[in-house]
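The next part holds the structures, each set out as structure tokens.
What follows is a pair of complexes built around chain A, which joins chain B in one and chain C in the other.
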Partner chain A sequence: MRKYSSHLLYGSFCLLILIAVQENFLNAYLQLIIMFMGVNIILSTSLNLVNGYMGEFSVGHAGFMAVGAYVTSVLNVWLFTSDRVFGPAVLPAGSVIYLFPVTLLMGGIVAALVGLLVAIPSFKTRGDYLAIITLAVNYIVKSAIENIQVIGGARGFMGMRNIVSSMHEVVNVPWVMIWIFAGTGFSVWLIHRFVTSTYGKGIVAVRDDEIAANIMGVNTRRMKMVAFMLSSGLAGIAGGLFAHILGYINPGSFTIMKSTEVMVMVYLGGMGSLSGSVLSAVGFTIILELFRPLQVIKWVAIPLLLILLMLFRPEGLLGHRELTDVFPRLRRIFVPQGKRA
Partner chain B sequence: MNIDTLVQNLLNALQWGSFYALIALGYTLVYGVLLLINFAHGDIFMVGAYIGFFLATFLLGQYALALPFSLPPHVIFLVTLLLTMILTAFAGVTLERVAYRPLRRKGVNRLYVVITALMCGLILENGNLALLGANRRNFPQLLDNTVYSLGGVTFSDVKLLVIFATIAVFLLLETIVRKTKLGMAMRAISYDRMAVPLMGIPVDTVIVFTFALGSSMAALAGVLFATAYPVLEPYMGALVGWKAFIAAVIGGIGEIRGAFAGGFLLGFVEIFVAAFFPSTLRDLIAFSILLVFLSIKPTGIFGVARATKI
Partner chain C sequence: MAILEVRNLTHFFGGLRAVFKFDLALQEGEVLGLIGPNGAGKTTVFNLVSGFYHPTEGDICFRGNEIVRLRPHEVTALGMARTFQNIRLWNTLTVFENLCISQHSKLGYGILGTIFRSRGFRTSERCIRKTAEEILDILSLRHYANEYPKNLPYGLQRRIEIGRALAMRPHLLMLDEPAAGMNPGEVDQLIELITWIRDKFQLTIWLIEHHMRVVMNICERIVVLDFGETIAQGTPEEIRQDPRVIQAYLGDADSIDA
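And then the complex of A and B:
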């Protein structure tokens, strides 16, 4: 029972929200916020893998997100709808409900391959120089998309609304919300499994002392490669989901500004704390919405708030600890007996 | 491409690279001493340009209180330049005092300081937007910007001023860092953070001096930039700042020579890419070159790989 308590809790929470959405208890605005929370959780946990657990300083997470968003969207529009550019639908529109996870994964895989652009230089480069490489990759991706006219260039790409509505035609349930819950659950589960495995220990060893880890027999190259690819792949999945929430994407959504937002979530939650990342992603999304009435002042108030937080609690909300370390009682519910997490 | 166009582009690249070099300097000075990437530096550049704008319009008597005397424009330019450098230096030092020093005292992971710097940059940008509004401002023309033509090559005196000012700054800073006591203290701090206070060197004074120096160079870049491209907007420092940071890293961050070499290199790459290819490809090609370069030489042009003890 304890082993599956977190799965059960998450499952019943999702079910509750889905029922509330289906019965119209939640208005569209609240739904949107919940969906953005999901995407932000994926983004912050996946970036935490590189910036927190591995101790690198990646500042271009939005680039991978852009790759995933575009690949998934273009695949979906090409396969399931008749489009001016891509011609008639290849597959029947109804099959999208089965194949959407596949296209989403494809987006993630391509994003992971782009992640190699960072992973391979990271063998030789560390620290601030690697930060520049991630920054450059973000610019390269954005600039490349702007120059591909087939997918709209700087004007952006749309048509994902039709995908969502053809899902609704088959069975009328909140599909995007379902996929986001699935994606969020999947990525948090995956990262949790990953960091508690021997790979996770290896990555922490790379952070603490790369040379010593190497001597002790940790294959540091492999660790870096896997961490970067997993991180960017999950960012790609988040991007694919993001594109289907909005129904429209343009390269301007994936700038350094977006990367900064994700970075803030990671450091707010604490480096190397998975539950911290989840909490800060949820909290940050709520703060963003609460401050919306302030308009221009919003982007003065939020950074100010963060600076104050840094001054009084410089290690982030949870620091290097997990929620179960801060509240040991939670361990009785979530951690299987006889196991230390 | 004939020789005239080549020389013309070279001159343009030198001017464009000068701005990058001057801003990259601030990154590199602070990094050299504190190992801190001061991401608010691009916005200090913007603050410098705005302070310059207000000073220049004030001295021109364009505000309610007209000055009892009127100065010739080039004197106004010089006065503006000097006052802007001083005021912006204060802005930079304030930033260090308010945001970075408390964190440094706590001895937190330096990445958190970097995030704080990013946030400070956002506050400067958006605070400006909230205070002064989104309308762009035109920097008054203080120098009469004579355009000379030599063969097929045209150049203005502003362009020459920018290039010469940058070279002068380079020589000045090299002297400060290599020859003076303060410069020696700066190098000492970057060499061994622990031993320096034990030797009786006032670390905080040196750090304040570093911030003041970097910020005043950003102010110089800001006023020169506004003279060359007289449109000011709150986000003007963001992209230029990131690119200048990249220039600092290409040169080998922490090295003054590196900031200049990197700035000019980035300027050359951008101008020549725009000359040969459609300008929408500029960022793509410039950053791809950077990526390849850093993969081959991970420490930048002048950077030295530091040996790590196990």
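And then the complex of A and C:
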């Protein structure tokens, strides 16, 4: 029972929200914030895998998000709608309700492959190459998209609104919210499985002492690549979901600014803490909304917040710890017996 | 039968000749000591054998495999484990996790097994935990299973490091100055532990040590290194009387008599 208590809790929470949405208890603005929370949870937990658990320094997470966003969106528009550029629909529009997870996953896979391209040169040698390369890749992805006119270039890409409408035509439920809940749950579940296995803990050994890890039998280069691909793949999935919230994307949404936001979430929540990253993503989404009236000043306030955090609580809310470590009572609910050694 | 054969091993750090024409045949079940003054190249030999450095020249054959070009985890997978002169435990992982992760080369499952919790994953994880628990009991570390190594006393950390190496079920165990920084009481315990481990696990042990009491007590054979070259080898008795060894340790002769 305990083994599934977190699944149950999450399931009921999602159901509650979905019912509230369906019954019009939540206005569109609140729905939007909840959906952004989901996307931000995926982004922060997946970046934490690399920057927190593995102790590397990746600074271009939004680049992978962009890849996923565009791949999923273009696939959907090409397959399920009649479009000026991509011609008539290839598949019946209604089938999108089954195939959306597939195109979403495709976006994730392509983003993971781009992650592999980054990982190969970055992890061949030790040092701070990853930061520089991810920074470059973030810029390259953004300018590449700006210069590909078929997908709208700098003007952006739209048509995902029609996708969402076709879903609603089949069954009228809040589809995007459902996919975001599923994606968020999937992402956290995946990372949790990874970091609690002996296999996945290999990346923590890499962080603590890479030389010792390699000499004691961890294939360090392989582990770093796997973790990095997992991380960028999940960022791609976050991108695909993000694209369907507003039904419109443009390269401007995936700048280094966005990457910085994700990094703030990771450091706010605490390196190497999954629950910390979830909490900080939720909190940060709210802070971002509260600061919205400040407009440009927002970009003074948020870095300031980060500096204060680094000064007064450098390990973040929950550095290297989980909620269950801070509140041991939660263990009774969430940690299966026998797993406590 | 030789478990490890090193031929003509030579290594340069830039212009510095750290190891020169080092030869060794390590017999199965043997306890061999490697001694020599500071900077003689002992740790470098260990680093070369475990695949961390690739030698400028020479061959290394471990259990019938040429290992000179292999990466460290590949050498480990063949059954070689070691400890480090300056303890290198993973400090944000618990003692128990340290003992588990060192079994990485024997996992038998990969990323998909991890995600889907395949049968292979479950068997392997069960086996890993079992081995780790055995090591906890054998080395009397049970009490510290959930502690972080950095919070524990030095002598204990040394023992955990030996445990982490043993958890891999190696054929060859290499210890780099296991007695360094220990008080006399801890050194006695260590001598007992190493002898006991050898009998219990029936493995080959190769150790670097400055503490002559340790070396003279447990090694059946000793190789002496000076400026990267082997200057003597033989039984503890022979080494103790070898004039070249005494010469190399000049001014340090007390440590040989000790």
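Definition applied: the second predicted complex is superposed on the first by the 336 of 341 C-alpha atoms of A that agree within 3 Å, B and C clash if a C-alpha of one lies under 4 Å from a C-alpha of the other, contacts with A are read in each partner's own complex, and residues count from 1 in each chain.
Keep in mind that, in the parts below, contacts are C-beta pairs under 8 Å (C-beta built on N, C-alpha and C of every residue); 3 or more make two chains touch, one makes a residue touch a chain.
Please read these numbers as outputs of a predicted model, since none were measured by experiment.
Q: Can A:Gly94 be said to touch chain B (first), chain C (second), both, or neither?
A: After superposition on chain A, A:Gly94 lies in contact with neither partner.
Q: Applying the document's definition of touch, where does A:Val226 land relative to chain B and chain C: first, second, both, or neither?
A: Touch status of A:Val226: second partner only.
Q: In the overlay, work out which of chain B or chain C sits against more residues of chain A.
A: Higher number of touched chain A residues: B.
Q: On the A-aligned overlay, A:Ala212 touches which partner chain: chain B = first, chain C = second, or both, or neither?
A: Both partners.
Q: Between chain B (first) and chain C (second), which, if any, makes contact with A:Thr260: first, second, both or neither?
A: A:Thr260: touches chain B, not chain C.
Q: Quick one: is A:Val296 in contact with chain B, with chain C, with both, or with neither? Answer first, second, both or neither.
A: The answer is first: A:Val296 touches chain B but not chain C.
Q: By the touch definition at the top of the document, which applies to A:Val204: first (chain B), second (chain C), both, or neither?
A: Only chain C is touched by A:Val204; chain B is not.
Q: Where on chain A do the contacts from chain B and from chain C line up?
A: On chain A, the overlap between the chain B and chain C contacts is residues 209, 211-212, 215.
Q: Taking the complex as given, what residues does chain A use to touch chain C?
A: 190, 193-194, 197-202, 204-205, 207-209, 211-220, 226, 230, 272, 320, 341
Q: Using the touch definition up top, name the residues of chain A that touch chain B in the complex.
A: 51, 57, 117, 120-121, 124-126, 128-129, 131-133, 135-137, 139-140, 142-144, 146-147, 209, 211-212, 215, 256, 260, 263-264, 267, 271, 296-300, 302-304, 306-307, 310-311, 314-316
Q: For a test of understanding, state which residues of chain B touch chain A in their complex under the given definition.
A: Interface residues on the chain B side: 31, 37, 99, 102-103, 106, 108-109, 111-112, 114-116, 118-120, 122-123, 125-127, 129-130, 238, 242, 245-246, 249, 253, 280-281, 283-284, 287-288, 290-291, 294-295, 298-300, 308, 310.
Q: Under the definition above, what is the set of chain C residues touching chain A in their complex?
A: 50-52, 71-73, 76-77, 81-82, 84, 88-93, 96-97, 100-107, 109-111, 113-115, 117, 121, 124-125, 128-129, 133, 145-146, 164-165, 168
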